[in-house]
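Look for chain A in each of the two complexes below; its partner is chain B in the first and chain C in the second.
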Partner chain A sequence: MPAPRGPLGMRALTLVIIALAGLVAARYLGLDLAGVLPRDAGKAMAADLLGAALHPALDYETEVPPGTPAFGLKILAALWQTLLFAAAAMSIALPLGLALGILASDRFWTLRTQGTRPPSALQRTLQIAVRTLIALMRSLHELLWAVLFLAALGLNSAAAVISIAIPFAGTLAKVGSEMIDETTTQPPRALVGAGARPFTALFVGVLPAAAPDLLSYAFYRFECAIRSAAVLGFFGYPTIGLYVAQSFENYQLREVWTYLYALIALVVVVEAWSRGVRRRLS
Partner chain B sequence: MTREPRKTDSEPSRPPGGIGFGLQGATVRFSGKVALESLDLQLEPGAKVALIGPSGAGKTTLLRLLAGTAEPNEGDLRFTGGLSARDRLSCTGFIHQDHALVPVLRVLQNVLAGRLGRYGSLQGLRSVYFPSRESIEAVHRTLTRVGIGELLYQRTDRLSGGEQQRVAIARALYQEPRVLLCDEPVASLDPSRSRDVVQLLIELATESGATLVTSLHDERLAAQFFDRVIGLRSGRVVLDSTRDSAGEHPALSPAALEALFGLDALPGETP
Partner chain C sequence: MEPRRAQEALVTPKQASTIEQLRASRERSPFLVVTAVLLFLVAAVAWMGPTFDLGDFASSRRADNLVRFLTVDAVPPVVRDAPSGEKLGAAFSWAAERLRSRYLAAAAATLAVAVVAAILAALFGAALAPFTARSIVGEASLPRRIVSRLSRFVCVLLRAIPEYMLAFLLGALLPSAAWACVLALAIHNGGILGRLYGETLENSDQRAAHAWFHSGAPRSTATVGALFPAVLPRFLTYFFYRLETCVRESTVLGMLGFVSLGHWIVQARAAGHYDDMLLAFAMGAFIVLTADLASWFARRAVRDAS
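Our next item is the complex of A and B:
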């Protein structure tokens, strides 16, 4: 007897649809492969850029006014500022994101009832309100938040920190609530079944189980925050992006590359640190 | 939320002795399906009882009724001791089939969590994450009693299945329970380890005078170690055997066991 026909044919169809969508999009946007190659004046610029990449500046390319700090010190100070902005943003985003993530998770609202009863209408409304808030927070990119805060508050550090912290807290909450809901239900149920308060069961039975994933994701977001802080330099904040922008305007491409390499080095160092912590935890 | 009176780790243990239960016409349904049907059962304080029966007979549901984590839809469940709902939970030790331990925490923390029922929210957190020297000593004594004292600071998810089960037993024991409930504690163990674990559970319950109720899939183990063996099938008690003066279980005859486990439907049973 032949095996009954299954839904396997849909896979091929799905792949074809994805490929077609790509082609349609390329046609609609007028994409042309030749567009990725520089032309005319761009050619010289591209050559300069590539050449500079191989010879990053080890000192200022031009004469600087007296009293300017040494090139190396200036880079270190810029990296330090970048790190400070990122760390300040994360120290707001982490606790806020964790708290919102807990309130958005299903696990939190079913701790007390042990899953025997669905949450009440009020609890459900609160959960949906929190989820909506999270969606609003992360629906704007940090650069757009920065534009808003820059207009409202002017160029001050708090504006930069908050504009990174808001979308980052939203993303941490969204991903965090999913990680919390992926933990097993049995340990917290066992604790509540032995008389533990739901709050305690959350901190003893749920969060430790989610902690390795949460930590690893928080480290990843810290890296993202460093990059965002660097980009905020283009708005005039004293992070490394400011100096990239300045050097670029003066067409000091070798300095641009030195700053970029320094930023890459910083991200690599943070990655090595996070890997060390994750290895100890897993 | 009512405020708990402050309690310290050095407080004398709760009064020993088991809790007795009386079930009258207790029926439990889960989404329309009957798990226990009009159950009448008396369990004496300090009794040592094994539950046997085929899968889906209602053994776990009965254990959850006794634990206070499920309520009868109809009928009545009474228990001795005049305890509040929360005190009843905190003096009921439950050893889950999957152990229900928190994977990332150390053995110490998992065992300390056994006493969370005695504390308010913040004090409970302190008791697990910032334990006093005395409670660490108490946990170590408990672990030593179940034979794994050296695992005190190990991470729980790095232990073998057998070791994790001992941690689960230690957590229930550290709770100083007056009722000890075990759901298939030896389901994944080989025969000699199974006997060791059942022996240990009997000893621990006997030492504290706690009532012990455990489900077992092996009726010989049940007959060998338990004074009372109750057979459940389709949510009803079809067999209730008490050890006679010769130490035997005459009610556990091959015919009775065949009726309990057999594939033939009983009268009035929907197959």
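Our next item is the complex of A and C:
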């Protein structure tokens, strides 16, 4: 007897809709296959860029003014700055995201009553307000927050850190609240039944169960924060993106690759580290 | 004080020593401790070192900038000049005109880039998945594990460079700025999906594929014919998640010169028209929220159907 199947129609329909949307979008953008390959001036540049990939610069490609730090040191300093921006952003995003994630979760608001009666209208309003705040924080890309702060305040690295922290806190809160709601209900129920206060039940019965997943995800977001910090360099902050953009504008393509390889190496190291953390947490 | 005394009464000395034993024998990982300490130190250095000038951030000059931005720069001139009773109407007609002339088309282009990119990334990821999976249709030999290790590393490399930087480099090479944005998003997200799709294949129910394989179908046929249909709902779910991030990312890629929302943001900023810039931001937030909502409905429909 064949296994019971869901209506395939829904899945097939989803695939057809996606394909149609893709075709319409490609038409709208005027994408044609010829556009995938470089033409004319782009061809020469692509050849230069690909050639440079095999020979990344080991020293400055051109004469530099005296007093410039050695090339290797400059790269390390740029990577360090990138790390500092990312770590500072995460140090705001993680506690803020956790707090908002708890307030946005269903579990938190039902701790006291253990689901025997629905949350009051005031509690429900608060939860919806927090969820709306999270959605708004996430709705602007970190670079848009950065541009907004540049326009409103001027160039300031603390503002750059905050511009990464806002959407990252929102994302951590959204994912975190889902992880909190996925934990099992028995431990907090037992604790509350034995007379524990709701906050004790939260910190002893709920958060430890969600902690491994939360920390794994937070580590992945740290990797994302490194990439975002790197891109902030394009807006004048002293992270590695600044030097990628500068070298590219001076057509020092071999230097561009050295910076790119340095960034890739940093991400690979963080990813390997993150794998180690995940393995020990699970 | 009251609850504490109650707690002491609840635990006998014998129980307390058992609890203490359990606590002492809990699993501890030096690696995790070192990681936590290192991260804490880096964050502490970041905030206390010279990198971030918090004094400058909180200075009166910044506050003046902010006040000027909110009260002067962010207000459209037509609204400022309108008599006090008609300001709201003036703001509406100004916004409507801008949406018609620029931002609706720009938002459509932003969405279109994200849709094409997410589809390419999903196809790319699905093509990578049979390689990144550690075991597939019973096969978990040494060469298989080497291939899997290598292709996972390729996935990390693909996602290591931020989309914005990829688009910047591709934009200089390709004749079509739209393709540069699409490819940048597709490469980055293809790397992410290659990894996720591979893990999905590993963890999926492979019985049907095994049946195909043991009745003589080549492993590749069994993978495509029996395994992919089984994991389609999961693949679709991940596709919609990545579509959300593609829309978010697509709002900024236009800053590199392609005519979408980001392009108008850069134009407005360069001209000092912060009112226009904020309206483009609002449009960006609107399409990101809409895409999140649409993706939520789509994911639920896929889940309910499977």
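Operating definition for what follows: the second predicted complex is superposed on the first by the 272 of 282 C-alpha atoms of A that agree within 3 Å, B and C clash if a C-alpha of one lies under 4 Å from a C-alpha of the other, contacts with A are read in each partner's own complex, and residues count from 1 in each chain.
Here is the rule we use: a contact is a pair of C-beta atoms (placed from the backbone, for glycine too) under 8 Å apart; a residue touches a chain by one contact, two chains touch by 3 or more.
Bear in mind that the values here come from a model prediction, so they are computed numbers and not experimental data.
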Room on chain A for both chain B and chain C (clash or fit): clash
Contacts of A:Pro66 with chain B and chain C, given as first, second, both or neither: neither
Which of chain B and chain C A:Arg189 touches, first, second, both or neither: first
Chain B versus chain C as contact partner of A:Gly205, first or second or both or neither: first
Of chain C and chain B, partner touching more chain A residues: C
Touched partner set for A:Arg197, first chain B, second chain C, both or neither: both
Shared chain A surface residues [contacts with chain B and with chain C]: 194-195, 197, 281
Touching residues on chain A, where the partner in the complex is chain B: 114, 116, 186-187, 189-191, 193-197, 199-201, 203-205, 208-209, 211-212, 281
Chain C residues within the chain A interface of the complex: 3, 6, 10, 29, 31-32, 35, 39, 42-43, 45-47, 49, 51-54, 56-57, 61-62, 65-66, 69-70, 73, 108-109, 111-113, 115-116, 119, 153, 156-157, 159-162, 164-165, 168-169, 172-176, 178-179, 182-183, 232-233, 236, 239, 248-249, 251-252, 255, 265, 269, 274, 277, 281, 284-286, 288-289, 292, 298, 301-302, 304-306
Residue ranges of chain B in contact with chain A within the complex: 1, 67-70, 86-87, 89-90, 92-94, 96, 98, 100-105, 109, 113-114, 116-121, 124-125, 128, 175
Residue ranges of chain A in contact with chain C within the complex: 6-7, 9-11, 14-15, 18-19, 21-22, 24-26, 28-31, 34-40, 42, 45-46, 49, 81, 83-85, 87-88, 90-91, 135-136, 138-141, 143-144, 147-148, 150-154, 156-159, 161, 194-195, 197, 222, 227-228, 230-231, 234, 241, 244-245, 248, 256, 260, 263-264, 267-268, 271, 273, 276-277, 280-281
